[in-house]
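In what follows, a structure is listed as structure tokens, so that the remarks can point back to it.
Residue numbering begins at 1 within each chain, and the chains themselves are lettered A, B and C in the order written.
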């Protein structure tokens, strides 16, 4: 059912160029430098549960769309925080999925799922109300086979490296187990200390205590805290990590004096921090993390602009990551100036920027990446990880930053079996973009070929030091 | 003169798909859920005046462009507030129109007018300095014929329902007259209480008094005011209304305490309200109107981001709606949070959002509409009601919100005879968008067919409860 | 090597239309109303130095990209402020250029340079590591020939008028020399008083003194200052100038009372001005300059939104204009309201707006230009002076402002030999845009032809009073 020319411009000149370029990158191994797959999956290598629990329940792209059309999350089996009753009949959930699959027409979710169904599970008919149960059974049957165990899929997907996302205090035990198992797959962590930085979050105190335990020393001061973070980074590096990740609403970086930050941290420990404190502390910690990256060589990723848990009703009932994060406008030029002035010219430092505010692509991000040696542009993120979104990203950044200040593709997903479809879509869109440039005689076809391979593989490996 | 493939991509694959899709929706009745046609027109069913008074003088899209090129509004016959002299010779005005019609090349005004001239009035030559007088006479002659009376045109245009926009205090007498006349056309009002909300506008006190008279009770307190608005809504509903509309500069919603809002309202009645009061009051009233919509089921529309009457010179001489409204940047994520947290999960509530700030399409609006059950996206508005504008809207919202969180097309016009041309342009652009998706194998042609009909008819009827 | 159809859409219908339109404008003389060519070049008419000093060292588009990839500016021969040592071997610099030329794939720099190499210098092979030295020698040889002297190139380029950018205090001696030399080339200045307005810049006091000297009267008060500026404008006009230019971060205009501005200016003279003073003074001076333009007829250009010298390290070592200017978001609707209310309806006044914030194109700028007689839109600026950037500009502004409220093309360059390539790219993009409109039957081909000539020549001559 999948058309081999899908996502290519129908113009014959562009399409044939895009197809030729795509043939060069189609089979390249998948480099996955940023994502949210649970390492336990590959450590335990247990069979996936049923189709609904595999595909629907963990994927906020799917259930947010259903919720927007008035379908209660309970009816989709999304677990409630209070353990209250939700739909337990996985077949009913899947049937509802089939009945409403038309809602995804024209969305990346539909592109990914159609490809996943056909290429991973061998489904030969479109999902709808009529076919839902047959497809459920077909996928269910596959999931019980050894070729569908997580490690078998990892290998079949031709993944070269899979990078997970992990708290600063994480024991990384599943990463250790994978390594110790002798299995040859490469699964490495990312150091993401957000829980230890967001001093107003309810879980902050716990995270600080866990951070203390994980380093064997109680954290009683800002100095202890910084030392603990540095030690944890060394531990992550020893487990293979090459990157950190930081999520902020506003990408504001600014240094406080030592006295100020000490006092602020003490207030936070006493539970007396204010909103302003939280903002200043995050800004200060961005400076600290940049300094640490200069010191230890970890690549720093910054994901800015998501207003998390916008919908209190859903957050209180179901918790975070339930499709209620709504982007806000972002400012990078002024906000990152202090950081870039201090570290942006450092030869060893690398800062990869992600935004949900596309108006910053051509206005702020491409000009920054086209000047500062440290700055690279992360790929089109989240809502923009789509045909149109990736095309806009290339069209608005390439002329100022070139492609060589970008870092290839991130699948950024929790949905393990969707990984090949996501990379394939990205490769197709990049090849279509390059094919268009070649058809318009902006670049020669041999340049397009080199660029296609760079975008699919070389840039991501270099940028993430993989 | 009109090419049957106009506004379709010239690529043969896309064009033939777009054409086939368009054939399916071309003849569907017109659903007009939001616009500014004067109901008196259809109540009185009198012949339209001459071509200049019909086409130029009421259309700020036209005379704003002329004014931008240094043509005084007086010379176009735009009436002055002070009754000062303006051009009275309609033929002279029309001649100037013809001489300068090239200014509209590439604009939607040119697309609409060319189609209106040819399809409504049977004109067979392009408008320019040489043809202006002939065309004036041709249109003028038609206007005197019974087939060109407003009701005859309504029927010929195949309008299914026409929704007007009306003040909270409006008597709706013309709507009543239409209903009582036995004519089968469906013309219903929209409850738009802006004049009663903008406490700093010179006419506010008058509107409050009129509101009091229309409900038979003097408004002496905020409680009276809210009761009057609720009563008026019931009256509008009894006249067939299903929607409200609210225009704000910033879409900020926030609840005040009862004491605060009572005191503020009293200050306003005494003429002592401040700028800050006005802002807080509008924010509070958005919360109240959302609550009322939850209670009475009226669909709530929010048009945000127009800085009205930017040019004082023109406003003082000619009044509002003279092409001097300039958009400003808009923020929805933080501004609407209180409202969406309180009412956005309500099953019966529907909030249709309109913006003039296209940077919010993919950043804020599509993510909101793709999550909150209450939120739907209004079509590309005003300056963006155009080929490029509508295409940008679809390209930037579909991947995150799908098309099923959008509400079809609004013509939003005062210019009655341009209605078919506006719907036709929108249908063509949607079919071109869907044809492109099908040509790129994102959707199948049968999906595109279903979507084309949904966009042309089903979505608007459902969203507006028509 | 240059494809004759480059930058045209590969769709055969669009391409053949674009090609026919382009043939009509290809050979039209170049009107250069805004740029940064040093008038001394044409006054002295000395041979250009070697290829590296001609092409690389003055072009921040080039060395910023190299710097972003970790190549030190010293190694490219960029002179240091402190006279510290930088690479002096021009062949080494050029070799590095060749080795890294792939970084520009897909950028306008690559488009311009490829055309400049082939059409100006007759180079027949692509620049890369292998060909770098041969090409260096080929260009070097040409530079010694009389046909490659600046005036010979000016004539060969078919330049009709070249406008430079000059400080308020500039003696304009090179302009005078050009005129007195009897050479027929038309090279005229632009009055750009930024140095005299930025009261916090280190050089401000010097500029004020020089301004005083240039008018023969010490500047001891705001009144003196305004008189001096007015006198300088008269002097510029007497040298042929028709335009002024003003660069601001935020396009904020607001009038202070006479007492306030007098006091502020005195503080500035005493070196006691604050950040807020600087902001208010710039805002006030925009009002003053608009008033002067109303009086003396000079066209006012406003370039808004560049955060200059973002990177202190580079600024301190190498000075301004070293590729470290990063754009910021801009607001025009509220910021320019006072100015437009006071002068925007004046028949003789013309204000040409430039932005680096593309989100303002459709939201603020096109609506303003489509209403105020004074406002015209400058072309896509700086980072947006590119295929995609110019296309976005046309697509987002034409439907609201038409093309007749835009002002053709500016090459805005320091790089004299790149001028024909820049105009050619712009003409191709405009023809491609118009060809697309004709292929989609939005305009007729004869309209497209008229528009192509207007965009290439008529609009710029009229807008800049050339």
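Throughout what follows, a contact is a pair of C-beta atoms (placed from the backbone, for glycine too) under 8 Å apart; a residue touches a chain by one contact, two chains touch by 3 or more.
Just so it is clear, the structure is predicted and the values come from calculations on it, not from any experiment.
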| item | value |
| --- | --- |
| Any chain in contact with chain B as well as chain C | A |
| Interface sides of chain A and chain B: same vs different residues, half threshold | different |
| Chain centre separation (chain A, chain B; CA means) in Å | 40 |
| Residues of chain B engaged with two or more neighbouring chains | 11, 359 |
| Chain B partner contacts - residues on chain C that touch it in the complex | 11, 13-14, 331, 333-334, 337, 340-341, 344-345, 347, 359, 362-364, 366-373, 375, 395-396, 398-405, 436-437, 439-444, 447, 450-451 |
| Residue numbers on chain B that touch chain C, as the complex places them | 2-3, 5-11, 64-65, 67-70, 102-108, 110-111, 126, 307, 310-314, 323-329, 356-359, 383-384, 386-389 |
